[in-house]
Amino acid sequence: MVFLKNCWYCAGWSSELTDKPIGYKMLDQDVVLYRKKDGSVVAVSGICRHRFAPLADGKVVDDKIECPYHGLQYDETGSCVYNPHGSGKIPPRADLESYSVIEKSGAIWIWMGDSEKADASKIPDFDFVSDRENWSGLTGYLRIEANYQLVIDNLMDLTHAAYLHPTTVGQSPDAWIGDMKMEHKCFVEGDILTSDYVFFNSPPTPLLELFTDIEVGDIYTPMILYPASTMILDMYMTTPKGAKSEGVAMPSCHFLVPESDNSCHYFYAISRNVKLDDDEITAAMGALVGRAFIDEDALIIKKCQEAMGNADFFDLKPVILETDIAAVRARRMLQKMINAEKS
Amino acid sequence: MVFLKNCWYCAGWSSELTDKPIGYKMLDQDVVLYRKKDGSVVAVSGICRHRFAPLADGKVVDDKIECPYHGLQYDETGSCVYNPHGSGKIPPRADLESYSVIEKSGAIWIWMGDSEKADASKIPDFDFVSDRENWSGLTGYLRIEANYQLVIDNLMDLTHAAYLHPTTVGQSPDAWIGDMKMEHKCFVEGDILTSDYVFFNSPPTPLLELFTDIEVGDIYTPMILYPASTMILDMYMTTPKGAKSEGVAMPSCHFLVPESDNSCHYFYAISRNVKLDDDEITAAMGALVGRAFIDEDALIIKKCQEAMGNADFFDLKPVILETDIAAVRARRMLQKMINAEKS
Amino acid sequence: MVFLKNCWYCAGWSSELTDKPIGYKMLDQDVVLYRKKDGSVVAVSGICRHRFAPLADGKVVDDKIECPYHGLQYDETGSCVYNPHGSGKIPPRADLESYSVIEKSGAIWIWMGDSEKADASKIPDFDFVSDRENWSGLTGYLRIEANYQLVIDNLMDLTHAAYLHPTTVGQSPDAWIGDMKMEHKCFVEGDILTSDYVFFNSPPTPLLELFTDIEVGDIYTPMILYPASTMILDMYMTTPKGAKSEGVAMPSCHFLVPESDNSCHYFYAISRNVKLDDDEITAAMGALVGRAFIDEDALIIKKCQEAMGNADFFDLKPVILETDIAAVRARRMLQKMINAEKS
């Protein structure tokens, strides 16, 4: 499979990266990341050029990453700068790939393509992870054994929540009573695609119930996709027809990174703007979100992938519903960008 | 591999199917089964046409199966009859396959081929599972990681019991003393193949010992194959040269269903016609049979499959013994039926 | 992959083989070994010619190996000599392969190629495993999920010990102080390749510390390779410039056997010539060596293999260091022998 290379992918949460190296396979390539003494982040290819040992198993020595097998050291540009053996001569052709990397909004961002095209302004700007004065919440990670586009499909169509998540982040269809109704809009601004569901006259989901007293209100759930696969759900709930400023906000991040054709990384974060000091609410949010993402989403998406085998999604002639509009648009937009990159 | 489609395969025990859907992969196809309110059984293809989610993870709502992912509902004919989203329009091309299914003799039977050819009279007729007035026993299931024909081979040649099952359902060669002798016949009636071993002047196997006092007698073990892979062992033991009516009977079912080339389902049942109310005997039978089928048969058959890889059995030029006559005949008969179905 | 067939491979330790059969896959072939009543060792192919059951799961009856499935028996030449079924006729074409096998120096050696070329004098001669009067130590086994040549590479270049094994069988680079220095020679005698490291003015490794009081001395580590993959490390430590006879010796065996392209067997042994009666030292050696080989070597070599996939080592254009000289020479020598065998 061909992945979009000239775009920013999340490579973890800033708060979690130290001088202890962390390795990921991203876009079928091994990458290792670590933090230098001055706080800056290094990202280089993760396999030693000598005997193919994983550098993530090594350690950082004076801001250089040392191979765990024979001790070759590489600097932040990927250059081999130290050979402890024999005459100590640096071997030719020993350099690693190095990648542009930036920290912004509490996350680490990596550019796997042409560094000259890396444009930091394309990284989404949000404060609900890094600004702990005004927001409380949590960050997390899971690995999903499915193509990342199946996860985008999932997130662009939140109607699945009623069926897959009735006791966590969604609401049973049985709860749809009285004046409740739903509206959906899908629109593109530049490269950014939004799938915007609004649920009017709705009770809160089990997750919102943890910190709001609104018994019936309007839930806004604009899911914003920054291609390839960086998504932010700018969710909030108000009293019926109430102002956003008087409601509660629960924004969340859904940052996907292709690992291989049939697996991906999922970095997530979720915050709230009320009851900031209540750690029990934060723990309860973490538990509900964990169940929703791991036991519900990741499990069924993996099974869908298994049923699909290695076939292309559209080749399988899936039945497309009206509610798939945003997911299909996301796939077409992404395919166009990948095609443009190849040519 | 090509499987025989126009035949009945067991799809579980009647007593175990409720309105909670159960999924199997059979003949490389996903199938889901459930029971309607009126007691009838539905069998449809097990993968939602929308996003390929497994319907066996869904639930039954008003006799319709609801997809666990986005809530599409399908009826017993496989037609999509409800779309809870958007305008609610039923999408075209959304129907599932539906399969003929029948309950008989305590088991559920599915016909994966052309429904018009489904002939209920071809399902074997036996009462020792469903008639709990006159029989006691148990039903079970295991999955074997081997081609189903290797299991047929195993069952058509019970001489393996002396070596593989000396402490469970067979007898050590060391126990063959005095006047003991064995006779074997193999014969075909219509489509039905019987491999009939009789052991004269034999002590009972450990399994028979659980409920018979006969110390030496004749054990009759006709194994009857209804192709493709439905087998009944109509076993009984008498005093030497005694009448069947005065002996003990221990009939058993061995219903195999190909899952994939190298795996199969094994639905089994075993009953006795004496000491019907003794639950301890039933539990002891279950334990011995479990050991015999899981720890002994399934394990060695899996290892044989591993040694064979993906090669065709005859291509490997196996050494054929006289005692393989019934197994070889079963393979030839089945191949002929598969060839006829293809042409 | 093509393996060298006309050479001796270790097939286990003499002390561990009884009449209970042991099976290995070696050079992609199944082999089963057992000891006869007269003490001699039998090695024949490990899969029954009847239905491909693993003979290692069977038992030895009167010096013959009996198939666990249907009881066919094979003698030490691989001939089928007993069929318990039907007329008892021995089927044609039922014979197993038999292999030349010899016991020497406490190990069992098998020749997988042309028996006529089997030359017992090519088996290395050493006494530190079998002579428990003068040596104490232990034998062990592990399976490595990597091509055996990656393990040879590892052992021919002991400079990895400083990085991978600083707390077990190596020494941290930080311990290299004062007058410490290292010399390396690589030389061939006949078919035998030696990679000889000497560490002058060195503290003992954690492993040597278990039984030597020398605080600083010279450590000699000649690693001797008998192709394909039999290695002996004739290690000893002396006081600075001291005589070998006054130092301590800690020789070890590293006998590799290809299992498949990407997996191998590793039979190891390690002995010392001092404090022979101290079982606690022996246990501590076993624990340290286990950590070094399993948690350190086997783990990183497996990860290197994963990073390499199924590619040929040289096709991946590895960076070659001066310290790889012996490993590269071993690979070239082995390739030459394999080519000669093919032609």
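Order as written gives the chain letters A, B and C; numbering starts at 1 within each chain.
Rule of thumb we're sticking to: contacts are C-beta pairs under 8 Å (C-beta built on N, C-alpha and C of every residue); 3 or more make two chains touch, one makes a residue touch a chain.
All values derive from a computational prediction rather than experimental measurement.
Between the two copies, chain A and chain C, the Cα superposition rotates by 120°, quoted to the nearest 5. Chain B and chain C touch with mostly distinct residues; of the residue numbers seen at this interface, under half occur in both copies. Measuring from the averaged C-alpha position of chain B to that of chain C gives a distance of 47 Å. Contact of a single residue of chain A with at least two other chains is seen at no position. For chain B in complex with chain A, the residues that touch the partner chain are 30, 47, 49-54, 57, 66-71, 80, 83-87, 89, 91-94. The part of chain A that touches chain B in the complex is made up of residues 150, 153, 157, 159-160, 162-164, 173, 184, 300, 303-304, 307-308, 316-323.
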